[in-house]
Structures are given as structure tokens and as C-alpha cells.
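You will see chain A twice below: alongside chain B first, and alongside chain C after that.
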Partner chain A sequence: MKIRLREPTIAFLFLLPAFIGVIVFYYYQIVQTGIYSLHNLQHTADWQTQPFVWFKNYATVFRSTYFWQSLRFTVYFTFMATVLELAVGLGMAMATFWVSRWLGGILRAIIIMPWVIPPIINAMIWRWLFHADVGLFGYILVSLGLVDKPPLFLTEPMLAVHSVIFADVWKNSSIMAIFLLGGLAAIPADIYDAAKVDGARSWFRFRKVTLPMLLPTILVALLFRGIDALRTFDLIYGLTGGGPGTVTETLSSFAYKYYFTYGKFGLGSAYAIVVFAIIVGLAAVYLSRIRRNMRFKE
Partner chain B sequence: MTSRLRSLRDNARLGLVATHVANAARWARQHQDTVRGFLFGSRSRRGLIVTVLLYAVLVAIGFVYLYPLLFMLITSFKSPTDLLNPMVQWVPTQWYLGNYVKAFRVLNYPSTLLASILVSVVPSVIQTMVCSVIGYGLARYRFWGKGLLFALILATFIIPPQNTVIPQMLTYRQLGLLGNILCLILPASMGQGFRSAIFILIFYQTFLSLPKVLEEAARLDGASDLKVFLKIAVPSAIPAYIVSFIFSVVWYWNETYLTVVFLEGGIQTLPMQLSKFVQAYENLYPPGMVNIFDRINEAVKLSGTFLNILPLLIMYFILQKWFVESVERTGIVGE
Partner chain C sequence: MASVTYEHVTKRFGDVIAVNDLSLEVKDKEFLVLVGPSGCGKTTALRLLAGLEEITEGKIYIGDRLVNDVAPKDRDIAMVFQSYALYPHMTVYDNMAFGLKLRKMPKSEIDRRVKEAAAILGIEQLLDRKPKQLSGGQRQRVALGRAIVREPKVFLMDEPLSNLDAKLRVQTRAELSKLHQRLQTTFIYVTHDQMEAMTMGTRIAVLKDGILQQLDTPQNLYDKPDNVFVAGFIGSPAMNFFDATLVGTKEDMYIDTGSFRLKVPANRLPALAPHLGKEVVFGIRPDNVHDAEFTPPGINPARVPAKVDVTELMGNEVFVYLVTGKHSYVGRVDPRTNMRVGHNVEVVFDMDRIHVFDKATERAIR
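And now, the complex of A and B:
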């Protein structure tokens, strides 16, 4: 009886940092960003002394063609990268899971490597590999006789878009594979054995046993990667700088540019709030769709 | 004469071969299922051909996957003459260490490495501890507003950092903390470090899946809640701690956007110094002052890059056994 009485107090003590932290470091900051976005702030964040402009910054955002272009690119990038990463990651996880224990260990060590490379360094590596004159990819394509001269991977719009996706897939398939390996290991072995006894061939086993059992993990991993891809910044900033022109400009890099390059805090904040709304909206739609398949809650 | 003999012998030999082939064919017909099973696999085991194909595909993929890293590593060992020589692609004429010596000096390696370790390990340790406390609180206690708090915490995972970076930066500037490691420690100690939501979720699920019996028994024996947490819950959640710590270190180490904003002018980490590599190089080796072979080149840049990821690779190889086991045991997501 004594324990139950004390419970709320103890719980309060355990969760106090979370209460304070989540308010101070997130929601207060978002409100502050919202306030900035309603003011005309140039190189200053002292909003009390600056003109209040209602939703003028938002109007500027929605009128700008760059915004719509970057939204289109970001959504395309997120979709392509996430789907490809799932495919590659699933392949790597299955392969690691199937081969002998000894080889699986080596494969896991290899798979993880791109993940520990910082995105900004990943960008440097790929900028060098895609380089038109000294780049490895151009060299390989030329020496295979597929093209006469190295393609301009990062300066031709269509190529640049897909080069960026390629670099992202190379790096982030590994984290996808790690998640899926965790999910695969959690599938009880007797289910496989039962399927084997019933005479199910491997493809059938994969489709009817592995995939459904893995689905919750896949859905969460997709959400995780999708949100990450939506706010990708370091990689693209380092690889193309948003170029050629503004073709590979993402929503995140826009906010960054307005903040730190132009010093337009008001407009940058409006961008940030719009991006926030888009991401929350997409995540909410996704979560409500997959809710049935999640084993999240108690 | 001899030619006739030879052709006879050849015929006989051919006949022998034909008999062998026929025998083999008959044997194969008799043991059709066995052979097919051996080559193509059966219900109980994978066939030889499939295995060979699988391994070939694996090796090919592994090679393609590692190609960028291997090429980077090899190029970083090329001397300036090798770099200009188009004949030298894979194997340098000598394993030249000069690039590393230069990159080591340009990066100011000992001090930036120390700064990077400090900036990633300290917040990670704090973040892991605090998140485990929060996860335990959410998993074990029932109270009013728990659902709301949980939702608020999970939502922080969705919120892009650029929404909070400017107000945060301005707050820290007012407090005079900009450029100080406290900018990273403060949020982490409130359970709001980089992607804390996912760690809280990991701990929440881990503690939820642990049996309560032991904890209740200890409580009946008069142990305080804190003691129960430290003596019983924490030791049984070690895998979750390992996973969280490694993820946290890697994310803190790799984060450049926020560390540049918060730490610029104060602490110089490895990735930050690397992004200024060319400029720092030319300060140390002015282009007009040194001979042509000491000008900046790809090999030196790549040595710098490699020095940058080396510590993480070493950490990963030391911890990888526990890491993989822990990932499998905690299930990380969706379990």
C-alpha cells in the first residue's frame, strides 16, 4: 500500500528531466521560431523591435518557385532513396543471415562501414568519385567503352539528382541492414522449421514467413529513414551545394541558406515552420496507415 | 600400320569413354533426385549451384560496396609521382606515408582528435544514462498525462533540427555558452540530445519486456525505487545500453551541422577541421614556398579523410561483437 501511494512522486522524479527537456529544448524553440517567422528579421533576432508582418514571410515562401522545386526534389529524393535502401538493406541482411556464421560476421563488419562515415566525409568521397576529370566512375565507364568521355555526374541536372540518391543509398543501406538484421534475429527459428517440415521452398518461405514477420521492423525502419531523408542536409550540401543551379536544393538546405547565408531569420523561420508542417503531416499520414501493423504499444 | 593401330586404340578409348558416359548417365538417371538435389537444392538443403551463385553474388556485391573505401585507402598511400603516373592504378610503387604525415599535421590531429572524442563520448554517456531513466519511468509507472508526455517525446524525433537550431543558438549566445561543450551536454542531460527519442523508445521497450517479478520482490524486501532500478533493472538491460551508446557516439561524432553552429569558435573537432582542410594546408605549406611535390593533392586530402574515420572504425571493430548481439537482442525497432 505504501508503495502505491509514493508512485506518482517517484514517477515524477524519474521523468522530471524529460518534462523539462522536451518543453525547454523543443516546444519552446518551435514557438520561438513561429514568432520569428511573423516578423521581418534581417541579420537580427530581436523580434520585439522589428516590424510585425503577419504572414508575409509565408506568402513569400509559397510564391517562390524555388520552394516548390525543392519540395519536389526532396520528396522524390526521399522516396527513391528510402525504397532503394530498403531493397539493398534487405538483400544485405538476408545474405548475412543465410550464410555461415563465420562469413556472416565478416559481412556484418563490412556492411556497417559506410554507416560510421560522417555524411560530410561521405559527400567528399563521392564528389571525388564523381569528379568529371579524375573521378573513378567516369574512368570506369570510359574504359569499359560505354561512353566517349566521362559524364558530368554532378553538373548535369538529371545525373546530379541521381548521383545524390546513389551516394545516399550507398551510405544509408547499412543502417537499414542493421535494423533488419535485428528484426530477422527476432523471428523465432521454430517458425522456419515448421515451414520447412511443411515443405515450403525458400522463395515461398521468404514471401510467406520472413516478410510478414519482418513487416513491423520494415515499417519502422522506413519511417526512420524516411524522416531522416526528408531532412537530409550534410550530404547534398557537400556533394553538389544544391547545384547545378538549384536542382538538388532540399528543403533543409533552403532554411540553412536563409539563416546563415542571407541572414534573413524571419524568412528562414517561415521556411522551417513550413518544412516542419510538411514532415509532421507526412509522418502522421504514414503512421495512421501502418498503425495496424505496429506492435509498438503495450 | 602404326596409324591404323593408333586409330584402333583411339576408337577403343572412345568406346571406353562412351561406356563411362553411358554409365554415368545411367547412374544419374537412377539417382536423379540425389543429383538434382545436390546441384539445385532440395527441400532440406541448398544446392551446390545455388550456393556457388550466392557466394559469387556476395563477393561481387562486397567488392562493389567496398570499392570506394578501398580505392580511397590505396590512393592515400600513393606518392606524388605515383599519383601522376596513369599506369599506377591499384598497387602503388611504394607505400608512401608522407601524405599521412602531412595530413596529421594539417589536421592538428592530437588536439582535434581529443576534442572530437570529448564532444562525442561525454554527451553520449550522459544521453544514454538519462534516456534509460526516462525509459524506465515510462515503462514502470502509471500516472496522469503519461500518454501526452510519451507523444511529446516521440514527436521530437520527427521535428527537423533546423526548426530549433536558431532559437537554441540565440539562447546559448545569451547564456554565453556558444562554443562550449555545455551546448551539447545540457540538452543531453535533459534527455534531449541528438535523436534522444529513439533511445528513450529502446529503453522503454527493453524495460517493458523485462519481467517485473524480481523488482516487485526486491520492493517487498524494502528496497527503494532507485535501488531497484540501479541493482536490478540496469544490469538486465545491458544490451540496450551498449546499443544506445554506440549509436549515440556515432551520431554525435558524425553530426556536423549542429556542432558547427554550436561549437564554432570554441572547440575544433575533426570533421570541422577537415572541412577547412585546403585552407589549413596552404597555411602550413604555402603554395609558393614549397616544391611542386608538396602542393596539396588528392592523396593528402584522402589521408586526412581516412584519419577522420579511423577512430570510429577502431571503436566499431572493438565493440562490434557486443553491438551485433545487442542489436539482435534488443531488436531495436518494431519488436
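And now, the complex of A and C:
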């Protein structure tokens, strides 16, 4: 006997595996973390046997100076990294866009390279480049006679903060450039020609035509990279381990420490939920922005 | 207001020759149409004049001024693009004012010009809108307005009507002609549509493969095409062509297509005499193929038997697709015709309106 299904039913069946996957691998963990965060939970003890403490863990998080310090660093890191990545990415995108087709192809391949490297490998590469004794950067600065001895890139607090940002900019400017290249390609060539005939010089064309027309793409790219930067973990874990002290600790790396270094699962969970809430808020802005862009296109 | 002169202008893109040794003079206040099939170099010719492409060889003058090395903005031209190329982030007003602001024109003067152009085009109520809120026809007007406010010496238009629907296109065609009369400025207009060219142009330049085929008034292009290409390109439905041989004697000559034979009129004999015995292309427009029952007066008739293949009733006329021997051709006959599909009929060719081309060179024999 043949079973006949209506189209919505078939569609639902097709969606079911992905749906189950998302539930099992995403939402279950989030809910579980939420439940953990309400318990005074050490190590991996069964949460059901542990005392329920309501929002005490959250109170601890918000009272902790470490939380505020890591939040400050995370926000600073996110702001600096995304702004610099936008600047560098825009430069690379413009350069790639305006050269001949074959050279543009080569440049695109070069640009995408840093982004392809896994984050943890990137962190390791930069750890060596910044190494105080054998690092290439220190060596170059000394050879040029700019400093007497190699700077302590990763152990001097101010230097460490900006070294981390530098490493992130190096890696993620490329994805920004790729985003912006898409936006640039979507601007019709006729508009540039019209601007030329109208009398706009190249800098003016960039400011009055290219930039405004690229703005929706820029906003989406900034939000996308911003959300990514807020969650930064691998780079910190690999490059500084949050040090010196806790200067370069991000929200995510700190949550990780609560879990796995201090073994405080309840507190770590509260931490993770707070980070999660911040990112969900930003993602909501991002999604509504994308939806508006779609409407523009129509 | 200015004339435009192309002097042996060539443009190459790598190995491709887009414009090949183009020499052309556009008179002051003329509405010149560049027409040809896609890829014929008409748009490139226009972009060379605008300064958006660099000239490979030759010279272009606007008025008496050589403009080869002059930037687009300093050529005193305005251009309307096929896509309109409006700035999507600016209002209609700002779109029109942009070029003037860049020229540091006083605000009051900009305002006067924009309002005046908007009034001419009937878009005063749209000045605060963004291009996305406008219909295709309205956008087209804004693009025109942006050109008008500049008060340029020459208007360049690159297929400005091809994104409009058929009805609006016909309407806008007439409005563009009116605008040209009103502004008394040189217009250079690119199109692939021979109908647009015929209805608007003071003169028409027909291009093919980057080479100028003929430059003449619409009526002359229609009546006296220089070669087979122009004859076939101008006019709809297109001219009927037959491979033929000139037979007989210098005094009594015939066009022999293999399917039928036509006596050459006496006034054509001297020109055709040197081609006696040679292969030619015989051409006749559908307008000059008549139903024998409704032969109009004052023509020089030659009767040809034919079989009706298809008929298309257009209301004021009927297109009949005819077959004689191995040849198929189209006639545009009186709507009262009794011709029906499958009928064996007689049609009449107006021998005063025949075209004969050299088979080898495809040039008209006159």
C-alpha cells in the first residue's frame, strides 16, 4: 500500500532530523546550563543532589570584580578589533576590487588565507611571533634599533592587550574584506560612471557614492564580526591564557576557567548564561538588520 | 550647444575592435541616433565621447575643442544611462542637484534649475522621494532631469527607454522628441531599436561590427539603403531578399531569382548594365508587395504568382507570408484582401521601389 502524505507533512518530516539535532546539541545544553546555574554545583556532581540556590550564583558573578574586568576587556577588544578590521578589510576590498580581474583573483586568494587558518593555530603562530626570547617581532624591532631588548609583548599588560587585538585583526580582517567585496560588487558600474560624468573625483566618489551604498553591508559585517569577537575564546586560550594576571581574560575564557580550572560548575554556568544573554541581544539586532536589508533588496 | 566630431576613432579592448575607424559629424542641435545590433559598438562610441573609455586611435571634438584627454566632468556633457544609475541613497532632488553641487553652484541657482527641470518633466511632487519609491517611468524622468539641470552642450543617452514597458516607451519617445525641440541642444542617442531610431532621429548612424554602415536621414535610410545590412536592419517587417542573376540584354534586362523573373525598369538599366550576367541580391520591402486585387494607383506593377502560407491580421493591414517556387517572403497588403492560407494568388511588386545589391560586396547598385 502506498502512503500518501500532504506537502506540509512531508516538509515537516524533512525538517525533523535537523530539528532533533538542534534540540539535542544546542537547546538541551543551554537549558541544562541554565539549571546548573541555579545550583551550588562543584565539579561534575549530579545537580539533583546539590543545593538549589536560586540566583545566588548570578549575584556572585555581578559582584565579582573579575567579571567587570573581563567584560571591560571584552568590550574594548571587540570595539578595537572590529573597527580596525573594518578599516583594514575595507582597504583590502577596495584594492582587490579596483585592480585587473586576474590580479584581483590572486589578491582574493591571499586575503582569504589568514581566515582559513584555525583560530587555535593562529594563536600559536602569534605566540611564537610575540615570544620575548625567540619571537620574530622582537628581533625585528631590536635589529631596526627601535628598542634595546625585545618588548614583553605578552607579559606587559598594555602590550598584551594590544598584541591580542593585533593578532585578531590580522586573522579576521580577511572575512571583513570578503563581506565588503560582496557589497562592492553589488553596486552597479553605471553609478560610478554617472558620478564621473557628474564630476565627482575619486575620493568624493568613495565618500558620497561607494560608502553610503556600502553602508548596509558594513553594518551587517560589523555586527557579524562584533558577535564573533564578543565570544572570543581560542585566541586568548592559545596566546595569553588570559594573562598577564587576568588582563586579557574575555567573558568566554573566564567562564571556561570557572568550569575547568576552579571546578565551579554552578558559578561557571551562571557566567555562561550571562555571556549568552549579551550575545543573544546583539544577534537579535543583527537579524533584524539583515531582515531590513532583504526588504531593501526587494 | 555644440557639434560633435569623431575623426577616425578606433577603440580596441585587447584583440576586440569595438569601434573601427569611425568618422562622424554630429551637427549642432541635431538629434543623432546611433543604432545597430548588440555588440555593434554604438554604446562604446557613446562612452568614448563621454570620456568613460579611452580612445585607442583618432580624435573626438566637442565643438572645436579636442576632448581626447579631457575628464568626463569637464566635457560639458550629461548622460542618461540604460539603468538610469540613480544614487539610491539620495532623494530625487539630491540626485538632480549632485552634479551642480560638485560644480559649486550657488544654492539658489541649483534650486531654480532643479525645480525648473522637475516642472518640465512633471516630477515636482516626487522631489523628496528616494529612487526605490518610484516606478520605472518616474526613475527614467529623474535620470533625464539629472541631465537637464546640467544644461550641457551635448546630451548622451544610452538606451534610456529599454527598461520601460512597450506603451510607456512609445509615449516617452514622443516626449523625448519634444524635449529636444524645447532644449535646442545636441542629442546623441544610442538604441538597438530601429523604430526608436526612425521616429526620433534627425539623422541616424547605422553601425555594425564597429563600422559605420550609413549615416543619413530616416527617410533616406529607408528608401535608399547603402547595403544589404542597412536594408535588412531598418524597417519592420524586414526587407525581403532574393539571390538573383541579371539576365537578358542591356536594353531588355531581367532579374531572375530562379522562382520568378522581373523586368528591370528602364530608368535602372544604366546602373545595372555593368552587372549583366552577374549574381546580385534583389530586395523588396513588404510594403511594396501588394495584393493584385487591390493594387494602389501610381505604381509600376509586376505580377508574380504566389501561394499563401500564413496570414497575420494587424487591423489596418495584413501581413501575408508568401511562397513562390523555392522562395518565401512577406507582403503587407490591404486589409480588404481575400487572400487565405493555402490560396494560389497573384501579388504585385512595385518595380519603382526595388533594391538591387552587388552579391559580392553587398553594396547597393544605383
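Heads up, the rule we're going with is that the second predicted complex is superposed on the first by the 249 of 298 C-alpha atoms of A that agree within 3 Å, B and C clash if a C-alpha of one lies under 4 Å from a C-alpha of the other, contacts with A are read in each partner's own complex, and residues count from 1 in each chain.
In the analysis below, a residue touches a chain if its C-beta (ideal position, glycine included) is under 8 Å from a C-beta of that chain, and two chains touch if they have at least 3 such contacts.
Small disclaimer: the values here were computed from a predicted structure and weren't measured.
Enquirer: Check whether chain B or chain C contacts more residues of chain A in the superposed model.
Expert: B
Enquirer: When the two structures are overlaid on chain A, which partner does A:29 contact: first (chain B), second (chain C), both, or neither?
Expert: After superposition on chain A, A:29 lies in contact with chain B alone.
Enquirer: Quick check for you: in the superposed arrangement, does A:213 touch first (chain B), second (chain C), both or neither?
Expert: Touch status of A:213: second partner only.
Enquirer: For A:8, decide between first (touching chain B), second (touching chain C), both and neither.
Expert: Only chain B; A:8 stays clear of chain C.
Enquirer: Examine A:204 and indicate which partner it touches, taking first as chain B and second as chain C; both and neither are also allowed.
Expert: In the superposition, A:204 touches chain C alone.
Enquirer: Determine, under the contact definition given at the top, whether A:194 touches first (chain B), second (chain C), both, or neither.
Expert: second
Enquirer: Per the definitions at the top, what is the overlap between the chain A residues touching chain B and those touching chain C?
Expert: In chain A, positions 196, 199, 296 sit in both the chain B and chain C interfaces.
Enquirer: Given the complex with chain A, which residues does chain C contribute to the contact?
Expert: Chain C reaches chain A through residues 47, 50-52, 71-73, 77-79, 81-89, 98-99, 102-103, 132, 146.
Enquirer: Can you list the chain A residues touching chain B in their complex?
Expert: For chain A paired with chain B, touching residues are 3, 6-8, 10-12, 14-15, 17-22, 24-30, 32-33, 36, 45, 91-92, 95, 98-99, 103, 105, 107-121, 124-126, 128-129, 134, 136, 170, 178-179, 181-183, 185-186, 196, 199, 201-202, 216-221, 224, 227, 230-231, 233-234, 252, 255-256, 259, 265, 268-269, 272-273, 275-276, 279-280, 283, 294-296, 298.
Enquirer: Show me the residue ranges of chain B that touch chain A in the complex, using the header's touch definition.
Expert: The contact residues of chain B facing chain A are 41, 43-44, 46, 54-55, 57-58, 61-62, 65-69, 71-72, 130, 133-134, 136-138, 140-144, 149, 152-153, 155-168, 170-171, 187, 189-192, 196, 198, 200, 208, 219, 225, 250, 253-254, 256-257, 271, 274-275, 298, 301-302, 305, 308-309, 312-313, 316-317, 320, 324, 327-335.
Enquirer: Show which residues of chain A lie in contact with chain C when the two form their complex.
Expert: 188, 190-191, 193-200, 204, 208-209, 212-213, 215, 296
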